[in-house]
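This report concerns only the one structure given below.
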Amino acid sequence: MLEIDNLSHVYGGGSPNAHHAIEGLNLSVAEGELLCIVGPSGAGKSTLLRSIAGLISPTGGQIRIEGNVVRQTPDNLAVVFQDYSRSLFPWMSVVDNVALPLRRKNMDKRQRREAAHEALESVGLAGAERKYPFQLSGGMQQRVAIARALAYRPALMLMDEPFGSVDAQTREDLEDLVLKVRGHHKMTIVLITHDIDESVYVGDRVVVLSKAPAHVVGDLKVELPTPRDQISTREHPDFVHLRAEVGRLVRGHAAV
Amino acid sequence: MSTQTLTARVRPAAATRWSRRAAGVLVFAALIELAARTGLVDRKFLPPATEIVGRAVTLAFDPVFGGHALTSLLAWAIGLGLATLIAVPLGLLLGSVPIVDAATRSVVEFLRPIPSVALIPLVALVIGTGLQLRVTLVVYASLWPILYNTMYGLRGVDPLAKESLRSYGFGAAAVLLRVSLPSSAPFITTGVRLAAGVALILTVSTEIVAGRGEGIGVFIFFAGIAVPARMIDILAGVFWVGLFGVLVNALLVAAERRAFRWHHVRLGEHS
Amino acid sequence: MRTRGMRTTVFRALVLVVLVIAWEGVTRAAGSAFFPPPSTILGRMHAMWFSGPVGTLFLTDAAVGNILPSLGRMFAGFAGGALAGVALGLALGLSARAYDYLDGVLQFLRAIPPPALVTVFLVVFGFGLRMQLAFIVFSIVWPVLLNTADGARSVEPLHLETCRAFRLSRAERLFRVVLPSALPKMFAGLRLALSLSLIVMVFSELLPGTTNGIGFQITDAYSTFDLPAMWAGIVLLGVLGYLFNELFLVVERRVLAWHQAAQGPPG
Amino acid sequence: STGGSTTVSSPPSASAGGLEKTKLKIATLPAIDSAAIYVAIDQKLFEQEGLEVTPQVVQAAPEAIPMMLNGEIDAMFGNYVSMFQAQDKGTLKLRILAEGSRAAPDSLSIMALPNSPIKTPKDLEGKTINVNVLHNFQELALAQVLKANNVDPNTIKYVQVTFQNIMPSWQGGQIDAAYLGEPLVTAATSSMGARKILDPASGPAAEFPISGYVSTQDWYDKNAKTAAAFQRAIHNAAKLMENNREVVAKVLPTFTQIDAATAATVTFPYFSSNDNPVRLQRVADWMLEAKWLTKAIDVKALMSPTTSG
Amino acid sequence: MLEIDNLSHVYGGGSPNAHHAIEGLNLSVAEGELLCIVGPSGAGKSTLLRSIAGLISPTGGQIRIEGNVVRQTPDNLAVVFQDYSRSLFPWMSVVDNVALPLRRKNMDKRQRREAAHEALESVGLAGAERKYPFQLSGGMQQRVAIARALAYRPALMLMDEPFGSVDAQTREDLEDLVLKVRGHHKMTIVLITHDIDESVYVGDRVVVLSKAPAHVVGDLKVELPTPRDQISTREHPDFVHLRAEVGRLVRGHAAV
């Protein structure tokens, strides 16, 4: 579904303090796969995600989605940004924020509202529909951003640290929610996370990026039994083993 | 500068605010009154505030003055409305398509500093001198504040908000209308408020120079060519213009507060 | 980057040339005395202002005697108006108290047509330069004031909270936080005020007692029906406005570099 | 209370047929000089000619020229100096329909405040004097009179001051002597005790022609008979006004800001009851002498012979 | 040092959709203590922090710092906001952002720069001084906010999920950094976190808040050997026990 070929990205190209964020990165994601990306802070993960979404154009290499080179934002894509609070529209209520992208779908107003409502409920924000983003706590805002992406039911979902601001319990619920939705609607998901346990728990595959300039230094298939379960999966010996493996890769390359 | 304290940005009670406003206005009026009564300025040329207001009140019941006022009001309203209708879309275009901005900038910047007085005979020749002359000049002058506030407002839109919508596959036009426009709307409204004042000034000024018999400006002009000049009438006319400006501004501010509640509440100005 | 800048410059010049040619064509075809063709206007501008000796940079006496005083008035008025607008705007934007006290009076003054108050200005400020400057300042202060107030009021609340949390002094908060974040909006007001100051400069030269200036030449030309001379004045104003604006943009780009960079490419 | 319209003789037959146009819009100024047209309306003189004239007050004469060029008005009341300048610059192909006003003694005046050191015309040398519009008839006439009084007109500094601001500028000392027209002359004399220094409409500039009714050559060519009828009505009005202050005083408050009491006392200009190219040619010649014209103007060619009785 | 007495906060008081964020909360923090606060998303943790910092005035109860009732922002306090990216000034370079608050201290320009430089280095941003915030990744921005607070050396430091956006390795480093600084400069620290392990690892005490309206439902003293160590401490039986205990408290009250 998604192929990344020798991707490079340089910020401020030409200037003396140009920054090579990504260099020679190769990666491919199969249809329906849930790929987790982990890597040190400032590696270039968000840059990679923005490139896939067609929001910035790479300075080298190519990204293809279903065979088509990404030149602008591909159809049927949803992004949960790392800076979730700024990605919400302050002039709209929470439910309107979630419903807005659904205008791209063939839905009438009532259907959009319903879908938005349902998505908000699934992230535990049933009572907050009529509030404005600034009236919500950080974690609640983050969940609105997740609900917006989920309601959209994209073919490809890109999530940049989507669960960073919620408490442990909610986080587990959201992980399971993503797994459930993925199963129902055959989405392909690329999820960036700093939580190594999380990457192994939700991922079909975990890719480890190096420090900047980012490239792939580890690519592990996660073959844990499905459906996953917060208690049994995390106790599975493979889980413990994979987690340690990913941890080693991240640490090893962060220190370089 | 009360932000250092806890009550920062919490707006005081409406009564307090209105009494402060009234105090400000009274002090201003008292200054004029004093200047005239103490002979600091010749009261032939600047009569005391009480006399001005007194005259203004009687003018309010004068049907001739009412006719002048209505004429001016009409030109003002049409001019400001047209200016808004032209300038907002134009600002959106210039602010979001750099190539158009680049192409038109030299022309726009060339036109902007041309004073409307210099244009009066030219416009009069081409389109005639009635209401259309006033409206044209009003539009020409009040276009700019709205246009520039729209363009500068667009620049302040959070790029991440725009990216959010783009990532869902919305095109440039949709991003402009659904993100950039609402996000910069409060600042555009400030531009409209500015333009409302400019339009008022232009309406009356054009009438003073070329009013063709009707409008508050004509009333002021005639009061000026009397011997001796009826300063009291001039200033009473000015008083109504100023009061109208205050009223329009208050209405626009109230409308803005309603329409962009999200903006003001977020900034902590609980109303 | 640089080549793109070059390309837009060339493009803009091209647009300008095409427009001037069209203007020439239309006015020649129309043949109205009120609309002389640009070639005539340019000829007149040259004869009036730019055919002087090398020693004065080709400026004629008329140019030195009219353009320079006008520019002086304009810049002094602009500086005064900008300063007053920023100061008042900040006060209004930051202090609810100042806003409440001043709002009514300022909104009243803002709507007043200056031509109606010429006599009052004359009595208060007297003939000549002082009155002209007062006139310019009074007219151009409003866009700066309103936009600055808007900018000062719309500072990101978390920035203000950060200031308070770290107990920055008022001055630090004002100069390091409020001012920079209001700056983009202030610049919109300043840019409006700049061209407005040219316009009002012309108006101010219609005031009693003026004996020189671009505006004076324009009105004198029209009252004697010397329309090419009037157009010469208009075109000069346009050119000056264009140049000042370009200069302004250079300053703005420097001052707001962070803003433009943080905003990313437009669109 | 009509001023006796029956005394005016006019050939009604001339108006009966053949007028190209019967409804006219004429731009006028809110000043005494424009009185003839209002008297003509008031006394139904236009009616007798088969014309229906609507005056359109404008605030300054140059403003009316675009209106005339684009057909909003048929003719206008304007001062000759401006009109000749417009003719000279090619802004307008001028046609004078009828003469209007000429300066009468004491209708214009150079005045000084009671405590001013200016006593005689000679004292005006190097002084600042206001005019309504620069390079206009005020300067033109004064220059001739000053020369006749052995004063060098080139030493005078003229500043343009709008009507309304003459008094404050004068009292504020920003002008040394004031160049006033009626009704300011009367007002300054009575309320401020101002002294007359010089009458700019005396000597060589006596009965100096100030303003007239003009249109474009183009309009005249299409409406020659209407123009003749218009001229007759204006001249008849002027005749009526010659010995009859009341007809003038009656109309003044309707289009100027002069009240009835003032109207009864001010000095009127002369209203011309016939057209005389010779006296008008003087204006053009002086303008040429002052280099306000690039070439001579043959005024006669712009005028029609007087057709009224 | 810090005492909170029967604190309540209602947002939008008076209006029909008023929100009771905090109700009857009592808490006291000793001088030099590092208190961790955990609780479900939207509980009212950030609200509590803002109240302590004097940024909002509580609608009920009292907060005292060193005996003085908090009416405005107390002296010698630093805050790391949850919405870190918005709390940085976009028109200042990273180093200027960090140096700005130091103007309150008796330091000349060079000293301020040096202190800022040192703080940035300690959070691993030595190379980024001259960059502007928008040129940094999310995690890097968060570290700038931390550096700003650290450089200030406050008596009381309030941190709202300060390590949410950084990778596992960096997170551990920053935890140790905070512990180290605290030891050197005798700060009192209140730290909000969603990571239960983290709360036990860095905290002297862990307070668990309930769902909104927030009040204290658990208050555990952490008596683990100091200095703490990422490997041995986390393996300590008390650690494992405390972690489970905190987890139980959070979950129990999140579900109510």
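Note that the chains take the letters A, B, C, D and E in the order they are written out, and that residue 1 is the start of every chain.
Just so we're on the same page, a contact is a pair of C-beta atoms (placed from the backbone, for glycine too) under 8 Å apart; a residue touches a chain by one contact, two chains touch by 3 or more.
Remember, predicted model here, so these are calculated numbers, not experimental data.
The chain with its Cα centre farthest from the Cα centre of chain A is D. By number of C-beta pairs in contact, chains B-C lead all other pairings.
Work out the mean CA point of chain B and of chain E, and you get 48 Å between them. With centres defined as mean CA coordinates, chain D is found 40 Å away from chain C. Separating the centre of chain D from that of chain E, both taken as means of CA atoms, is a distance of 86 Å. Residues of chain B found to touch two or more other chains are 4, 42, 45, 121-122, 125, 208-209, 224, 229, 263, 266.
Counting only residues that touch two or more partner chains, chain A has 83, 86. Chain D has residues 62, 65-66, 69, 162, 164, 168 in contact with two or more other chains. Within the complex, the chain C residues that touch chain B are 8, 11-12, 15-16, 19, 32, 34-35, 94-97, 100-105, 107-117, 119-120, 122-124, 142-143, 146-147, 150, 153-155, 157, 160, 163-164, 170, 173, 184-185, 187-188, 191-192, 195, 198-200, 202-203, 206, 215, 218-219, 222, 230, 233-234, 237-242, 244-246, 259-260, 262-264, 266-267.
Across the complex, chain B meets chain D through its residues 42, 45, 120-122, 124-126, 128-129, 208-213, 218, 221-229.
For chain C in complex with chain D, the residues that touch the partner chain are 33-34, 118-119, 122-123, 126-128, 208-211, 220, 222-227. Against chain B, in their complex, chain A makes its touches with residues 50, 53, 55, 73-79, 81, 83, 86-92, 100-101, 104, 132, 134, 152, 158. Within the complex formed with chain E, the chain A residues making contact are 11-12, 17, 19, 38-46, 82-83, 85-86, 130-131, 135-140, 143, 160-161, 164-171, 194-196, 247, 250-251, 254-255.
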